[in-house]
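Labels A, B and C are assigned to the chains in the order they are written; within every chain, residues are numbered from 1.
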Amino acid sequence: MNFTAKQIAELVQGTIEGNPDAIVNDVSKIEEGKPQTLTFLANPKYTKYIYTTKASVVIVNDSFKAEQPLTTTLIKVPDAYLALAALLDMYEQSLPKKTGIEQPAFIDKTATIGDFVYIGAFSYIGEKAKIGKNVQIYPQAYIGDNVEIKDNSIIYPGVKIYKHCKIGENCIIHAGAIIGGDGFGFAPDANKNYKKIPQVGNVIIEDHVEIGANTTIDRATMGSTIVRKGAKLDNLIQVAHNVEVGEKTVIAAQTGIAGSTKIGKECMFGGQVGVSGHIHVADKTRVAAQTGIAGTIKKEATALMGSPAMNVMQFNKSFVIFRRLPELSAQIDELKREIQNLKSE
Amino acid sequence: MNFTAKQIAELVQGTIEGNPDAIVNDVSKIEEGKPQTLTFLANPKYTKYIYTTKASVVIVNDSFKAEQPLTTTLIKVPDAYLALAALLDMYEQSLPKKTGIEQPAFIDKTATIGDFVYIGAFSYIGEKAKIGKNVQIYPQAYIGDNVEIKDNSIIYPGVKIYKHCKIGENCIIHAGAIIGGDGFGFAPDANKNYKKIPQVGNVIIEDHVEIGANTTIDRATMGSTIVRKGAKLDNLIQVAHNVEVGEKTVIAAQTGIAGSTKIGKECMFGGQVGVSGHIHVADKTRVAAQTGIAGTIKKEATALMGSPAMNVMQFNKSFVIFRRLPELSAQIDELKREIQNLKSE
Amino acid sequence: MNFTAKQIAELVQGTIEGNPDAIVNDVSKIEEGKPQTLTFLANPKYTKYIYTTKASVVIVNDSFKAEQPLTTTLIKVPDAYLALAALLDMYEQSLPKKTGIEQPAFIDKTATIGDFVYIGAFSYIGEKAKIGKNVQIYPQAYIGDNVEIKDNSIIYPGVKIYKHCKIGENCIIHAGAIIGGDGFGFAPDANKNYKKIPQVGNVIIEDHVEIGANTTIDRATMGSTIVRKGAKLDNLIQVAHNVEVGEKTVIAAQTGIAGSTKIGKECMFGGQVGVSGHIHVADKTRVAAQTGIAGTIKKEATALMGSPAMNVMQFNKSFVIFRRLPELSAQIDELKREIQNLKSE
C-alpha cells in the first residue's frame, strides 16, 4: 500500500520539508534506509545517517536543523518518536485480528468468557476464571482457577497465570511470563530443614501494564504483589512476593526485586539491577544498569549507580579514581620515600 | 470459616495474651491488617506495625515484649514464622486437590502412572516415564522419555523435563522451569567453528527440593547435574552442566552457577550471584546479592560480597574508602604540595 | 554395546598407549570414572584424576605426558575435546529419532511442512509457516504465522516463535526460549504515560546457531534483530530489539544486550554480562562474567572486566589496590601525621 509524504504528514499533523509527493510503502531503520520507505530520527546518535539515508521520508523533531544538504523528505513534528508510535499503531490496528476459539482448547464450564475473544489452541482456562471482552489469549497459555483478565488484554503464547491472580484492562503479557508462582518463603526448623511457607496471596496487575517475555512475578505470602497502572516491565525480570511496582515505572530486562519492597512511581530502572527486600524506593528514582540497591531511597528523583548503590555523580567520581588506583598507590609510596628523605636530612 | 484465637493457639501450641474469643476468618499482612484477620510478626522491621494493626490476632515470637499498649490479641510461640508456616500448611491441605487425567493429555502407552495423580490437559508424558503416587502434573507440562518423578511431587504448568532426568519425592517445580536442557559445551575446531559436545548425562533432583519459575538446570555432559535433598532454588536461576548444589542450600533469584562447580550444603546465596565453573564452594557459605565468586572457597561459613568476591567485612571496609576516593586523591595531592613546601624550605 | 580401545582409536584416528583390548560400554567423568567406561582429559585442572580414575580408557591430548604410572589405557589425539565431541555425536546419531506428527497438533492448512519432520503433540504451526526437511519440533512449541524454519533444525518443547521470524538450518533452540517478543519500546507522552511503539520487525537466526533454554530474543522495531551464523547463546540471555550478534560469537548464561547494539564476530562473553544499547563491540572481544560494557569497544580482541568495563589487566591492577584500600587510607593518615611532625620541627 502506497502513501505520500503529504498523507503521512496529515496523519501525524506534521509539516513537510521537501517533496510532498514522495511515496513510501514500508518502514526501515535510518541507517539501513531503503528507497520508498519511511523512517524516523529521534536519538541524536543517529543524526549523521539522515544525510546519507536512502529512505524517502524521515519523521524528525521540530527542533531538527539540517547542517548539510538533504535528499530525503522531512516531516517535522513535536516528538518524532511519539509520531512514529502513532503511525505504527495505525498500521497494527489495520492488520486482521484473530478471534474465536481454536480447538482443542480447555475451558472449564464454570469460566466466563467475554465477547470477541481469541482463545488459541491448547490454552487452558480454569474454574471460575473470568475473561473480559476482546481479550486475546494465544495458544498454550494457562489461566488458573479464579483468574480474572479484564477487557482488551493480550496474553501471548505459553504465559502461565496461577490461580486467583488479576490482570487489568489493556495489558500485554509476553510469552513465557509466569504470574503468581509461589513466593520464595521458607522457615528453617531446628534441624535446618526448610519448611515451606504456603503462599496464599495473589498477584494484581493493574491496567495498561506490559510484562516482558519469561518475566516472573510471584504471588504474595498474604495479600497481593502489585504492579500498578501503566508500569512497563521488560524480559526476564524477577518480582518477588509482596513487592509493589509503582505507576508508570519502567524496568529494563533481568532486573530483580526482592520480597516486600515497594518501588515508587515514574521510576526508570536499567537492566540487571538488583533491589534488596523490605525497602522503599522513592518516586522518579533513576537507576543505572547493574546497580544494587541495598537500602531505602527516600529522596525523589535520585540517580543511582554501583553495587552497593551510590548517587551516580559520586559513583562516577569514585570510579574515576578507581581506574587510577595503581597510580595513587605509587604516589603514596613516593610520598613515603620523600618523607623518609626529609626526616633523614 | 471462623476460628477463635483459642482454637489457633491450640493448633500451634501457643499461649494467648488478650482475648481468647477473638475471631478470624482470613489472613493479612501486619501493615495492612484488617479486622477478623490473623497476621504474624517475625521480621523486627515490622514491629512498629503491631501497635496499629487492625488484625484481630497476631502470632509473635515468645521473645516479643510490647513497648506500647496493644489492641490486638497475641499468640506467643517459639518461632512465629514456623507457626505461620504450619497454619498456612493446614489451610492449604484443607483445599480440594485436583485429581484425575484431564483430556486431551498425551500419555505414552509405555509410561507408568501412579495412583491418585493429577495430569492436566495438554501435558505430555513420554516413553517409559514413571510417575509416582499423588504426583500433580499441571497442564502443558512436558515429561520426556524415561523421566522419573517420585511420589507427592508437584509439577506446575509448562515445566519441561528433558529425557532421562529424575525428580525425587515431595519436590515442587514451578511453571516454566526447564530441567535437563543441553549443557553449554562446544569445542572450537581449527576454523573457529564450534562443534557441539552432545550432552549425554542427565539431571537428578533429590527429595524435598523446590525449583522456582523459569529456572534452568542443564543436563550433564556425562554423569549427572545434581540438586541435593532439601535445596531450595528461586526463579530464573541458571544451573549449568555437571554442577552439584548441596543439601539444604538456598539460592535466591537470578543467580547463575557455571559448569562443574560444586556448591556445599546449607549455603545461602542472595540474588544475582555468579559462580565460576570448575570450583568448590564450602558448606554454609553465605553470599551477598550480586557477588561474583571466581575461585574455590575452602573455609566453611565464609560470608562473601563483591565482584570478584571478598570476605564481606573486608569488602565493606574497602567500599567505605571507595566512596571517599575523591577525598583520598585530594589528600594525596595536598600531601605532595606540603612535601614540596617542606623540601623548598 | 561393547567397544574396544582399538575400535575407538580407529573412530577418532588416535594412537593407543596401553591395552588395545580394554572394553568400554559407557562414558563417565574422569573424577568419577568407573570400570568399562570411556572418559577424557582436556582441562588441566583434572589432570590429577588420570592417575586414579577407574575408567578403562581415557582420551587425552597428544601433548599429555604421564608423570606417574597409569592403570588406564590412553587414546592420544590432537584435541581430546573435539575427539570426544565426535564420539558422542556418533553415539547420538545412532539413537532412534522421533518422526511423524503426534496428535493432537494444530497445523494451519496454509502451513508448509517438509519431509521427515517430527511435530510433537500440542504444537502449534501458524498460517503460512514453512517447516523444512528433518526439522524436529517437540511438543507444546508455538510457531507463529509466516515463521520459517529451515532444514535439520531442532525446536525443543515449549519454544515460542512469534510471527514472521526466520530460523536457519541446523539450529537448536532449547525449551522455553522466546523468539520475537516485542522489543521494549515506549514513548512517554506529555503526561508521562508510556505509549507503546509497535514492533513491526522480526528476528533472524542464521544457520548453525544454538539458543539456550528460556533465552529471549526480541523482534526489531523495524528491520531485524539478527543472530549470525554459528553463534552460540546459553540459557536465560536477553537480546533486545535490533541487536546483532556476530558470527561464531559465544555468550554465557544470563547476559543481557540492550537495544540496537552490534556485537562483533568470534567474541566470547562470560555469564551475567550487561551491554548498553546503541553501541558496537569489536570482533574477538573477550568479556569476563558480570562485566558491564557501557560504551563502544573499537579495538579487536580486547579483554574486558568490571562494571563499567575496563581492560582486564587494568581492572585487576586497580582491584588489587581496592582490596588494600583501608591500608592505603591508613598510610595517608600516617603520612599526614609525619608531615605535621616535620612541619613542627
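Keep in mind that, in the parts below, a contact is a pair of C-beta atoms (placed from the backbone, for glycine too) under 8 Å apart; a residue touches a chain by one contact, two chains touch by 3 or more.
As the structure is a computational prediction, the values presented were derived from the model and not from experiment.
Look at the contact of chain A with chain B and you find different residues on each copy: under half of the numbers used there are shared. Taking only C-alpha atoms, you rotate chain B by 120 degrees to land it on chain C; that is to the nearest 5. Centre-to-centre spacing of chain A and chain B amounts to 25 Å, using the average Cα coordinate of each chain. Residue positions 104, 122, 140, 158, 176, 214, 236, 254, 272, 290, 307, 322, 324, 328, 332, 335, 339, 342 of chain C are each in touch with at least two other chains. For chain B in complex with chain C, the touching residues are 104, 106, 122, 124, 140, 142, 144, 158, 160, 162, 176, 178, 181-182, 184, 186-187, 189, 192-198, 200, 214, 216, 218, 220-223, 236, 238, 240, 242, 254, 256, 258, 272, 274, 276, 278, 290, 292, 294, 307-308, 310, 314, 317-318, 320-322, 324, 328, 331-332, 335, 338-339, 342. Of all the residues in chain A, the ones that touch chain C in their complex are 27-29, 32, 39, 43, 45, 79, 81-82, 84-86, 88-89, 91-92, 102, 104, 120-122, 138-140, 156-158, 172, 174-176, 208, 210, 212-214, 230, 232, 234-236, 248, 250, 252-254, 266, 271-272, 289-290, 307, 319, 322-326, 328-329, 332, 335-336, 339, 342-343.
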